[in-house]
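Two complexes follow with chain A in common, the first pairing it with chain B and the second with chain C.
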Partner chain A sequence: MSAIDTKPTDTKPAAEAESFATSRKLDYAFYALALLVLIAAPFFVYPLFLAKVLCFCLFACAFNLLLGSVGLLSLGHAAFFGSAAYIAGHALKVWGLPFELAALLGTAAAAVLGVAFGYISIRRSGLYFAMITLALGQMIYFLAFQLPFTHAEDGLTAVPRGKLLGLFDLNNNLVLYYTAAVVFVAGYLLIHRITHSTFGQILNGIRENQPRMISLGYRVNDYKLAVFALSATLAGLAGATKTMVVQLASPVDVHWATSGDVILMALLGGVGTLFGPVVGAVLVEMLQFYLADSGLPIQMVIGAIFVLCILVFRQGIVGEINRILGR
Partner chain B sequence: MKKTSLALFAALLLSTTAHAQIANDKVKIGVLSDLSGIYESGAGNGSVEAVKIAVEELGGKVAGKPVEVLAGDHQNKPDVGASLANRWYDVDKVDMITEVVNSAVAFAVLDVTKQKNKLMMLTGAGSADFTGKACAPDNSVHWVYDTYELSAAVGKTVSQLGKKWFFISADYAFGAALEGGLRPVLQRNGAEIMGGVKHPLGTSDFSSYVLQAQQSGADVIALNNGGDDTVNALKAIREFGLKAKVMGFGLDSPLAIKAMGLATAQGAYNVNPWVNAEDADTKAFIDKFIQRRKTFPGSFQVGTYSAAKQYLKAVEAANSTDPKAVLAKIRATPVKDVFTQDGVLRPDGRMVHSVALTQIKAPSESKSEWDLTKVIAKLAGDDVFRPIDADGGCPAFAKK
Partner chain C sequence: MSSQVIFGQLVVGLINGSFYALLSLGFAIIVGLLGIINVAQGTFYMLGAFGSWMLLNYLGIGYWPALVLSPLGAALLGMLLEKTLISRVYHLDHIYGLLLTYGLMMFIMGAFIYFYATAGRPYPVPEELRGGYDLGFMFLPKYRAWVVLMAVVFCFGTWYAIEKTAIGRTLRAATENPQLTRAFGINVPALLTFGFGVGVALAGFAGVMAAPIYSVSPLMGGDLVIVIFAVVVVGGMGSILGSIVTAFSLGLLEGLAKVVYPQGSNMVIFVIMLVVLLVKPAGLFGHEK
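Take a look at the complex of A and B:
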């Protein structure tokens, strides 16, 4: 199955097998190239920025796991990203734990939160689901303002990075970058595996026709809850890693605007694709970063690009490339 | 022959040391601000322009090296601010970052600045923790104002404005923080708090709150809010014809006062960290600023101008961009410029200077478009800024 296209094809079996083989070859070639870029990038672009971008790539992929596979649009994903960021930050700074443990704690917190939020929200779909996740997400935002350990609007700053496995100093930009890269690749592979498993196919089925899946005997809500929790967990992993990379967790991380950013990333790149959110995240982060000292009104530029993309590339950038390639 | 070679050698030695001290033969100032959001009008592009004016006035060069100004938009996101600061210091070799309106972003950038041993001159951020528990005496200065000073200065006005106070506060973190800071200070200064009301953010009808203030019999109403809320509250107070004086934190923006109109705004008080001396230098700066930005400069922008200029002068004097050397030079001479007449940079990074109690002029008093406020009293810096060894101050200078 193509890594980039998750839609079923309806060509004849023989032709399907053939196109399957070529598409698979193309996939391998593509991923080999992507891996090369990933390895070589820090020698050309500022590694600290790249490491942060990778965190957002993982966040966007985690978000898209929910939207792309089962078609649930969550407006509260910043809650998982941000609470993991805060908890990992607190573990690193106050408890003095190493990064691996802090990331684990942050991710676990996001997972617990994901199960709780999922349990409440997946009973509804469409706009109601989006509104419930938004409301729950904003609850976390206001909690982040009130709880004593989050330092309200100042956020958790000066979070120490520490050493990876007690050996490698994460304050070295390259070590930091490759750590983030490993976290991202691991997360991406997991998402790839989930999407292409039977579980992933069932999720696609639920997205396409929920009543039929119910009539076939699937416990639709259990599947939805499972993928919601997985998506939240991976978003948490991204948040925890981000705290280590940029050394801070702030209310921005849990604010609904961050949930909005991640939707933008997924839509720009292409919702129905696995790699699309990565492209979208790189694009949005690069715009925010490189336009920052350009003198242009950033929010307006991003908004204009968004409108343009929606009008011209209906399926997102990667989705559109796939269509042109005839896949 | 021997002499000339010796002289050559000496010249060479001199030039190499100078080269080592001003890195890359350039002095770079990064103005990191909110260039597209809610703080833009009071800081933002106006601050960038203010720094450019400062650089131009010094001929674009210090110690024979060209000065470059970079402008960055942190979009009120701490991680964007921190990543940009990282890139500025590492890749663009920026020597000093200034302004940084929004304390959350400023804390993040301060960490980066400490790590890279650079310098940060805070002119937009207000948290008193920058010279408190987060102080970095070798890497940062806090130039314009802080939250401690704001409430302390309002407290000092009790003897002039009256003893009975009433609060109209915005019901969110900012309003609560202003009120929380003000209560103990007012009580310490012998004021009596007659009561207070909280209003939701973005209220348009203030009549019930204003009537409560009227019934309380207060002499002074403190508006612990900002932006449109301050404007609407003040309008309601005028409509109901209250005799009480009004002290507003949100009345610091010339643009807002102009938009409201002097007829409504007249008589209201504000504490301004910038004491407008109305001398020739100040007038020249204001004219230049209005010419370029089409608006009167706010206190953050004037403060940023002052900080940049003092920085460049100190770089010239020290012939170095090393933070410690530059700070030593700034500390050595009192700050006397457009922003303040009596500024002193304390060892903890706090620039202590007089602040002004200002009052908005009546339409009849105003002589020109931007002639909006007058200074009623000057409050001495030592009375309003937190003493260096007080509780909550920089740990390195705490009382033993």
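Take a look at the complex of A and C:
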């Protein structure tokens, strides 16, 4: 049972090597261009907004690491994003730690939570898995209202940004943006590496045919747990960075609607692709930004896009482009 | 702590259990028959409540007709959505059904928030059910007793209909083996639409019952579906009776938790879910496939 639509792999063997080389070159050209855009962007668009978008890009990529590689749909990823946001916010605001340490603590918390939730949820597969992750995520949401340090509805407000490495003032918009950009690129490269490693291939194998992988001797659940924890950790990194950027960690970060948003980002951009979630995250964030002023109902529009994505283009934007390019 | 408080919370728990039971029963029918995780189940509950509020405020139609009309309206909308949208994803992985209903939930909820804002609207308790009984150890409002009674009647009625009647047999046959059922000349697609209608009608019915207890608001069903998920995971998908019993028990335990440890009462169902998953991953009444 394949969980997601993957692109067909029926290229003829003879042409394969050559087309692989061209495809490689295209990839490099594309990433070089993307890097240029990333560097130049803050001079054209408000850097603070861009930095926030980058955090969601990383969040979407982290989420998609789980869905795209092993085909597990998590409905509770906001739990990792939000927990890290809270922990990092607390570390910045109350303990007065610098951003590096706060992000590390937040990410570590998400990692621990990821291992725990992963251990429980991979005991069931398919739809049960999705339902369990949602229920676990809701627990964290309730906790965010109960724990003393999260400040209930208000969340952690006016979180100070501090100085990066004790040298660079993060209140400078450009420093802030490039810090977020470095975090994003590092996260993306890690995901790229994971996806293209032997480990990633095994995950794809589990997605395509779990019984066969079991019969080949792979301990399937260990692999699932590992990728679940990795995905949660990276989602945590995104959440911790987001707190520093927007200076706020609130219950919205752990709410199921945030988990829904990140699913939409991955879906809209293309679940079967690596770069798709980035495109999806940029579009969804832009949409929310512009709709917030227009007075139009954001939820309705998001719901409608969801339905359209499912019914009309399940490959997502990048998936469709890849299909047109014949890759 | 007085017994008043304890019994009061137990009744609240029983009421919540009633709603959980009606919703998870509908949910179980839909997932069993169509293989669709209907995330919008809570939305149809909201629609049921809002439907009765609209009937009262726009048309002056009271509680009793609304008890029939509102779930019927929810069912019609559900069947329309099933026919036009949901039926298009049956051939795909189950994940797409879940995501599609999630999108529908966002759309419908967003529309209601846009037009009605999130503030709660009161709905009066019908005249015949005002007042209550003094049981000596506690005071039991009539309406609450009515809700529990109706939930029990409807749950067991549905269970009976599915397990013991001809239409139930056909439904079960279509669940087990749709191809073969079709070969016997039964219109399975129509049956699926009907099943979806029944499933969401139960949620809509729960919504009408809930309207006088909780205030009617577009947000009212949003978090409910997560509890339903937990109920289904705890009970296991195996038996309808199992999920009814689980729903009532979890509602009661939640009520009890409100007495013993109020801060944790929201979480108790999820904690139970965790324990069940660790001890018996298939659920209490389910079986490993």
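Basically, the second predicted complex is superposed on the first by the 311 of 327 C-alpha atoms of A that agree within 3 Å, B and C clash if a C-alpha of one lies under 4 Å from a C-alpha of the other, contacts with A are read in each partner's own complex, and residues count from 1 in each chain.
Quick note on the criterion: contacts are C-beta pairs under 8 Å (C-beta built on N, C-alpha and C of every residue); 3 or more make two chains touch, one makes a residue touch a chain.
It should be emphasised that the depicted structure is a prediction, and the values quoted were computed from it without experimental measurement.
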item: Superposed partners chain B and chain C on chain A - clash or fit; value: clash
item: Touched partner set for A:52, first chain B, second chain C, both or neither; value: first
item: Which superposed partner A:324 touches (first chain B, second chain C, both, neither); value: neither
item: First, second, both or neither for A:242, with chain B first and chain C second; value: first
item: Which partner, chain B or chain C, touches more chain A residues; value: C
item: Chain B versus chain C as contact partner of A:251, first or second or both or neither; value: first
item: Which superposed partner A:153 touches (first chain B, second chain C, both, neither); value: first
item: Which of chain B and chain C A:299 touches, first, second, both or neither; value: both
item: Touched partner set for A:291, first chain B, second chain C, both or neither; value: first
item: Colliding stretch - chain C into chain B, listed as 59-67, 113-121, 167-175 or 257-265; value: 113-121
item: Contact residues of chain A, present in both the chain B and the chain C interface; value: 297-300
item: Parts of chain C lying in touch with chain A, wherever the complex brings them together; value: 31, 37, 85, 88-89, 92-96, 98-100, 102-111, 113-114, 223, 226, 229-230, 232-233, 263-264, 266-267, 270-271, 273-274, 277-278, 281
item: Chain B residues touching chain A - in the complex, by the definition given at the top; value: 30, 35-37, 70-80, 82-84, 86-88, 90-91, 103-104, 107-108, 110-111, 127, 129, 134, 173
item: Complex interface listing, chain A residues touching chain C; value: 1-4, 73, 120, 123-124, 126-128, 130-132, 134-136, 138-139, 142-143, 146, 256, 260, 263, 267, 297-307, 309-311, 314
item: Footprint of chain B on chain A - complex, ascending; value: 46, 48-49, 52, 145, 152-155, 157-158, 242, 246-248, 250-253, 288-289, 291-293, 295, 297-300
